[in-house]
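Reviewing the structure listed below.
The first chain written gets the first letter, and so on, giving A, B, C and D; residue counts start at 1 in each chain.
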Amino acid sequence: MDDIEIDEVATPELDDPVLIEGLPGVGHVGKLAAEHLLEEFDGELVRRVYTTEFPPQVNVDGDGAAELTCAEFHAVETDGADLLVLTGDHQAGSNKGHYTLTTTFLDVAEAFGATRAYALGGVPTGELVEEYTVLGAVSDGDLIEGLEAVGVEFRPDEPAGGIVGVSGLVLGLGGRRGFDAACLMGETSGYLVDPKSARAVLEVLADRLDFAVDYESLEDRAEEMEEVVGKIQEMQDGPAVPDDDLRYIG
Amino acid sequence: MDDIEIDEVATPELDDPVLIEGLPGVGHVGKLAAEHLLEEFDGELVRRVYTTEFPPQVNVDGDGAAELTCAEFHAVETDGADLLVLTGDHQAGSNKGHYTLTTTFLDVAEAFGATRAYALGGVPTGELVEEYTVLGAVSDGDLIEGLEAVGVEFRPDEPAGGIVGVSGLVLGLGGRRGFDAACLMGETSGYLVDPKSARAVLEVLADRLDFAVDYESLEDRAEEMEEVVGKIQEMQDGPAVPDDDLRYIG
Amino acid sequence: MDDIEIDEVATPELDDPVLIEGLPGVGHVGKLAAEHLLEEFDGELVRRVYTTEFPPQVNVDGDGAAELTCAEFHAVETDGADLLVLTGDHQAGSNKGHYTLTTTFLDVAEAFGATRAYALGGVPTGELVEEYTVLGAVSDGDLIEGLEAVGVEFRPDEPAGGIVGVSGLVLGLGGRRGFDAACLMGETSGYLVDPKSARAVLEVLADRLDFAVDYESLEDRAEEMEEVVGKIQEMQDGPAVPDDDLRYIG
Amino acid sequence: MDDIEIDEVATPELDDPVLIEGLPGVGHVGKLAAEHLLEEFDGELVRRVYTTEFPPQVNVDGDGAAELTCAEFHAVETDGADLLVLTGDHQAGSNKGHYTLTTTFLDVAEAFGATRAYALGGVPTGELVEEYTVLGAVSDGDLIEGLEAVGVEFRPDEPAGGIVGVSGLVLGLGGRRGFDAACLMGETSGYLVDPKSARAVLEVLADRLDFAVDYESLEDRAEEMEEVVGKIQEMQDGPAVPDDDLRYIG
């Protein structure tokens, strides 16, 4: 197998498509957001990207059939813009792999005519988030105004540690080859999968690209997560009432 | 030394041979199963595969002679089918290495005319196993029926974390190049070398490929393991005197 | 992207320039010293070096614009000598990467006509430093006398573990290709960013290359660090109750 | 810099030289033994091997001059045989690096006409060693008899985990290309640098190759080590005498 292999599943005509990257990362915000787009719209699988940078792994589907792990591009048509949504289960396994893989992703997007890219992700706050601010970073300062207009915040020198992984390189390498690239980072505690943060990111994206999307299924996942968190807290706190009762009875 | 070197020890004519992979993994189930086939049948060493992906290591044999670590293919004739059994002491040492090494293994099998492959392994349950179910995954849904007929279970999306290592890639890369590939995973606690799970895997394999094999030596190893487990439990429980005392008092 | 990419931002004529390397390391001494030169003199960015050895990362500037992480060469003219100052946020990510990256750095310096190199860094003492001795090591014994004349100390077989990273290779690889290379290592506790040690290193460098530089901003940073250290000590010592008692008694 | 660079320092005529490998490992037994040969005989540096597999590091000598880390071959003439002694401060930094580096070492030895190789090392026992047995392993069973005659022990399947690193590959790769290769492993606790084990290894080597060597300086180092061990034990046991005194006074 070559270091990178691309299956060309379909090659539909797309109208000035926008690359939307949502690989796993902090709070799985980007992944949740990108997968939500695939669920809500009737996307078409167009490319599979296999690479020796991914773990040597197959995933088993609902029938028991196994598929070699890969990243996938889906073409998604919305009212506002054509999207090229990049999802997958893994980042690259090495520094160099991140560079070569992101280069491949940008090559694929470019071949479909994309000149704009949004890298979706989360930014960890370390504490429970009440208001889901979306932080932005761009490959070119000219992009800031349009994003601030839809509520994205830009803070000097933040995130402090820079932006790492494929999202960072979509900006860094994308910008170097002429993409208008932005990273939209939903604030998230960093401890849990965060569908609410994913919704916040999608809202500014939808606003910016002028499409509408339903959030009900993301809300359902957010509620599930809250139940999980509630149960964890209960387990840590212990069953407070019965103890009191027993003592009272005693 | 090249990244991969293959010693062609012998090249017998094989009749539609089936690749059986049994490299180390969970509970050493695959390795035990493959080695049991080599012990029970009169196999012939046909290929040695050396690679810089293996640890820089020699193993010392019973006489004090050292052999560079390698993976080996043995040709095994059974009543039901000719087998090409792949064994060894190591998986690859890197993501990329797993891909290149499995590609080499499939090349070797293909050169012998193999079009079918079984990757043998274990799937960890995290608790003591009473009934040794064998879980399956396949490169092509058409293979499921034949395996269910011999008792293999297929469960949606299991194993949850996918199948990793050479076994996973025998399915993933094998499937991509046209092999009919299946992974047979014996349930095992995951904490111990598990000859009983290896037997369970071999039973379905033998059933599927229509050959008979004796399990006595595997049973002996299973008993040895149980003695070991018994001793460990004894050591953890401490000396049995207090129990006796209590009974005496009682 | 290639493994290493060099942006040629400007190519001014330099007069026998001296390579000054200040990448991150012990106490960030070298980095602080090199960045101080850039702040104090009116340097010109001449080269950016991108490499797959650096983390896959962009850094966000004060406006929200993101730049792919890189190492930078600035040309700096001083009274005493032209300098080619190498700074950045990262060392290489692998053994081999250090060798290839340092080779590239020396290539760049050589293309500007440099034949001399100073690698700036810190040497950890494990305890608070009162007097900031600067330890030296050289690619060629003939360089020792000139450095001892400006106060650099040479101690047999020190630092004990050798000099690692780009600084070490500027000496090792630089020396092998004919550079007169020296490493100037300011003593530092090793626990904290140390502007005082950076100043000590700069003082001997300025003396040796016969230029003058103001240290006020480094002093300010040193004071900030001391405040930080003071606060940490306070927190460790606990609340000041005993003091209050004493006052009460008084 | 290339992945491997060889400086040809001198190329004396050697008579059927024997490669003696003594790189760092368990108890530094091999390194101590090889360096002792260089101290006792008037060896001549013949090759330096630089590689990107070694850490990016220079070592500072007694004068303050820095040398890029490397492995060295010295030609050593003894009464019994010409030796080509390989020493250095590092093993390779990766699996693959061990293979390529050992291949280079064997190439160098072969260019000098060597057909025999001894890899010197230690084998950890996990407890204090009273009698310093030397364990052997060979590339070819024919070599066993000659080594048993000088006291080397061969134990079936030992060392249990195989022999790893350059020593293992001198046997494994050396054997594959026709070297008569043996590994001599001195028993050692594994916790400390062990000059006594190094002496035991050298005694069987000298006996086998029919040369005489003085062990006084190794004995001195062994005594130093014993003092160190004594002090460590004292520190762990606490100051026994004062306690007694106190009790007496009490």
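Observations on the model:
We adopt the following convention: a contact is a pair of C-beta atoms (placed from the backbone, for glycine too) under 8 Å apart; a residue touches a chain by one contact, two chains touch by 3 or more.
All of these numbers come straight from a predicted model, not from anything done at the bench.
Shared contact partners of chain C and chain D are absent; no chain touches both. Touch-path distance (fewest steps) from chain B to chain D is 1. Taken over every residue number at the interface, the positions common to chain A and chain B amount to under half, indicating a different-residue contact. Of all chains, the one whose mean C-alpha position sits at the greatest distance from that of chain C is B.
Taking each chain's centre as the average of its CA atoms, chain B and chain C sit 53 Å apart.
Taking each chain's centre as the average of its CA atoms, chain A and chain C sit 38 Å apart. Counting partner chains per residue, chain C shows two or more touched chains at no residue at all. The list of touching chain pairs reads A-B, A-C, B-D, C-D. Taken together, the chain D residues at the contact with chain B in this complex read 92, 95-96, 98-100, 102-103, 136-141, 144, 154-159, 162-166, 168-169, 171-173, 175-176, 183.
Residue ranges of chain D in contact with chain C, taken from their complex: 1, 3, 52-69, 93.
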